[in-house]
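For reference, chains read A, B, C and D in written order, and residue numbers begin at 1 within each chain.
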Amino acid sequence: MATETRPFNATSFNAYLTEDKRLMGVRCRACGMLSPEPRPLCRSCHSRDLEWHEFSGRGELSTFTCISIGPVYMVEQGFGRNNPYCSGIVTLEEGPRISARILGVDGNNPQNIRTGMDLVLALEEIDPEHPSLMFRPA
Amino acid sequence: MATETRPFNATSFNAYLTEDKRLMGVRCRACGMLSPEPRPLCRSCHSRDLEWHEFSGRGELSTFTCISIGPVYMVEQGFGRNNPYCSGIVTLEEGPRISARILGVDGNNPQNIRTGMDLVLALEEIDPEHPSLMFRPA
Amino acid sequence: MATTSSRRQLGRSVSIVGAGMSGFGAFADKDSRDLFVEAFQDLLDHLDQGMDIEDIECAYVGNYSSDLFEHQGHTAPIIADWLGMTPIPVTRIENACASSGSALREGIMAIASGMYDIVLVGGMEKMTNLPTEGVTDVLATAADALYEVPTGLTFPGIFGAIAKAHMDRYETNLDHLLKVAIKNHVNGSKNPKAQFNVTIRNLMERRVTRAEQRGQPVPDYNSEMDFLNDPGANPWIAWPLRLYDCAPITDGAACVLLVASDIAHNFTDKPVTIAGTGQASGRPLHDADELTSLSAARTAAARAYEMAGVTADDIQVAEVHDCFTIAEIVASEDLGFFEPGEGARALDEGRTALDGDKPINTSGGLKAKGHPVGASGVAQVAEIFHQLRGEAGERQVDNPDLEVGLTHNVGGTGGTCVVNILRKG
Amino acid sequence: MATTSSRRQLGRSVSIVGAGMSGFGAFADKDSRDLFVEAFQDLLDHLDQGMDIEDIECAYVGNYSSDLFEHQGHTAPIIADWLGMTPIPVTRIENACASSGSALREGIMAIASGMYDIVLVGGMEKMTNLPTEGVTDVLATAADALYEVPTGLTFPGIFGAIAKAHMDRYETNLDHLLKVAIKNHVNGSKNPKAQFNVTIRNLMERRVTRAEQRGQPVPDYNSEMDFLNDPGANPWIAWPLRLYDCAPITDGAACVLLVASDIAHNFTDKPVTIAGTGQASGRPLHDADELTSLSAARTAAARAYEMAGVTADDIQVAEVHDCFTIAEIVASEDLGFFEPGEGARALDEGRTALDGDKPINTSGGLKAKGHPVGASGVAQVAEIFHQLRGEAGERQVDNPDLEVGLTHNVGGTGGTCVVNILRKG
């Protein structure tokens, strides 16, 4: 694939996500380490022999928070004290974890949000101008 | 004077400058050190026995620059490549030096700006919202 | 390949001979240089045998982000000038909320290296000139700007996620979090320098009184817990964390004077020695080994214990980094004071209270004393210094054999952790 | 009162055994962590006997303001993670443009203290994602936000005022400033890692060719001086400084590997030893002793010379902080290479050229090599490391007895200065 020659960095990560609609990370050819963040050096065995690896985008919710006091850019999107949003940690089915927005849950009722639930990547929701990972209940 | 109880800091310095129209710094009662920047501890003898001291606002131009590429707030005031502004170092008649905008000189003709020339504080030009020292030829 | 010795020993011993703090709070008129001078003056005023400022050879300034808070970078030479110390070398150290914990280590190593005998280490932060959302944005820069921040995770948010994981895995519940706040405010009420020099019971009573005075509906609180469960008094910040689970936004500075131990008695008859120090780095929460623990804290503690030749059981008083209530519970486990998951029970049993067997955050902690982020690491050390010298006043730990104390300072959400162990004498 | 020994000696000797640099330039796709990894990979690729990354015990990251450039604070643990070094202690050092010069000193003292044997020290800055006015604003935070910045003084502006004072007092003129740029571009043209790997003559010829190709009026340049005096090619930035008087805006990183000298031969047969190091703080220009000199540079140099047991005459090659052309002239005087006011004449006489008796900025200096501010201090050390090992390629100083080199790294407008003296072997 032509895309596999992209450098291992955040620009490439975001381009895959927004243009190619794929969650692409890296795999170490030496030890098998997987990382959804494309890093140029294996943090397990320090090999520099890495390759792009596509993640399925399926995972489960490991923990989360519902945020009432957000940063300026979330406040500008209408979130706040009366409309908290949910962000959390997703364990991908391939093993690694990643931070993400969690859509399709009620930020005002965190007691109803269940850790362990299955999630899928909500690629269609990602804002190409401000890309970030978004998951929703599977 | 009631004003002499103000704490030695930039808030007081700016309040004196914009409200009282005075250039107030400090004097060390122990060693006589003068500083237009109101500091709470004498940097010469480390005494903490300082008092407010009014500077006359007269001085001379020690060195300067004419700036074509300014910071955003100067660009917003209309300065730039075709309209450079002059800033420099003023030696106050009491001895200490201080940084200041230099008004009333032609930023496009720095060769005509003479170091050593007499300057006076241009109190009337100081913007209370964004206070800074401004001098003009005496 | 390379020979790495396992020793972590200093070439020569280093002692603390003085400590100072500015007031902690919201000071509209004061810039960070003013706060630092105030802390230094407090140090000088309480230095047992005085000193000549000219003898200070080198200084370190812990600061998280004057860049973003005050649009002032390169703060070190400004502090030097304001203290009248130019031209000595002064360096700013930044490791987020562990900035001055790291600065202390640099001061220790500078003396141990043989380069200097007398080093000033301080830290400061001027935070209250930004609105809360602005502070939230600045603090978020301690997390990963590429892979964490864009997901909306804030600094309270990441600790909220840790709290949720801890509650899922262990017996920890929302009440435990609030108990940390209640305990630390009780301690803070005994600390005149604390931003919240007041108990939560006092705050509750004030709210009732104010409602009465204004003729508003008077809340019916039977206990602090009722008050803390009232969303009007204690709103959510990042579920499961509420306002009273969070350290406040604070302006403040702190500093300590370090000297080579062989000259410590020129300054005081009651020096405190650096027995051990450890620092470690960690990853974003999603890459942490555990979602219920900060691995950097465990590693830093292990190194500090090893160097000091003590174990967790030997620690008699500790200042831990309670930027959020859950962080104190996690810290008490990471430091080995209690088994993983047992921190909440220890709290229930009052073991970490001022009169418990493992008093934690006698100063009030970041929660009640305040958390000017770049100053917090050194302010913790100042508290242990005072405790070991028996000069902590109303909040003095009642233990005639008090000899060994510990500080635990966390940067961001565990990207950095610094643990220092101090010993009397 | 306190006994302060006058010795400035390290408890044990420290050597540099490897150095690496990323490319220096404008790299839209690369974040600062990518640049740092690139520099580290360069170091590994050129380490004579290789190494196990796991042996690195501690690291320092010099960085001026990822806070403002990338909205990323707390960079140290991110660098650790990206290098696969978590959980070793990693600390960010900030002293404006002297950040990594100061970081090197912390690395030196960390080893000399006995705490560590093997320490990585690097620096990086990612600057080109902001427009020029934005960069101007960020760099201005290195000056005093209360008493300098509000007067409109920029970073080039303050050095412009120094240049004017120097021209008033000495024989220095505008042409001398431009001669610094011409010399450093000649050196940079021999440095494949330089942002401007090209002479000013080449740039002049390109401009002529481009005008010809476009059918525009062809400039009539008889020499580089004609080109540099053309306001279209070389516009004023802060009179008397023009575009070619200023170091460029650069993305880049550099790093070196420090080890205790007694294990240096495990890494290379050609180590370079830290012979002396000095750092000093200074005041804003208006409070400087002289308007034509940086007092921090004089103090730092005096301390480094004393520690190394050498004088200015013993220095055979130097990298000095030419953030602006005038800064190189002032540096050559502050370091004692030439008497005050004689720097310009030395330049006229070619003494500081690659084939002069006092070659300065063989790398191309900040002017041609590029100036990613947080990386520059360590990049200077990397250049001297290569020169002393005789591996500087086309720009190698032609001196078979080359043994002693110096680096001079300035933060802001002299608020910080770090001078290091390196010795072969």
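Following the convention adopted for this analysis, contacts are C-beta pairs under 8 Å (C-beta built on N, C-alpha and C of every residue); 3 or more make two chains touch, one makes a residue touch a chain.
This one's a predicted model, so the numbers in the text were calculated from it and none came from an experiment.
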Contact-graph separation of chain B and chain C, given in steps at minimum: 1
Contact-richer chain pair [A-D vs A-C]: A-C
Centroid comparison with chain B (C-alpha atoms), farthest chain: A
Whole-Å gap separating chain C and chain D, where each centre is the average of the chain's CA atoms: 36
Distance from chain B to chain A - Cα centre to Cα centre, in angstrom: 52
Centre-of-Cα separation between chain D and chain A, whole angstrom: 39
Chain A and chain C, separation of their C-alpha mean positions in angstrom: 32
Interface hub residues of chain C, defined as touching at least two other chains: 31, 81, 86, 146, 149, 284, 287
Per-residue multi-chain contacts in chain B, two or more chains: 10
Contact set on chain D toward chain A in their complex: 28-31, 34, 37-38, 40-41, 53-54, 81-84, 86
Touching residues (chain side chain C, partner chain A) in the complex: 132-134, 136-137, 140, 146-154, 156-158, 160-165, 168, 235-241, 284-287, 291
Chain B to chain C touching residues, read off their complex: 7, 9-12, 39-44, 46, 48
Sites on chain D touched by chain C in the complex: 1-5, 7-12, 31, 49-52, 55, 57, 64-65, 67-68, 70-74, 76-78, 80-81, 85-96, 102, 105-106, 108-115, 117-118, 138, 141-146, 149, 259, 263, 266-267, 278-284, 287, 295-296, 299-300, 411-412, 415-416
Chain D contact footprint on chain B (complex, rising order): 10, 13, 37, 62-72, 74-75, 79, 81, 84-85, 87-90, 96-101, 107, 110, 115, 130-133
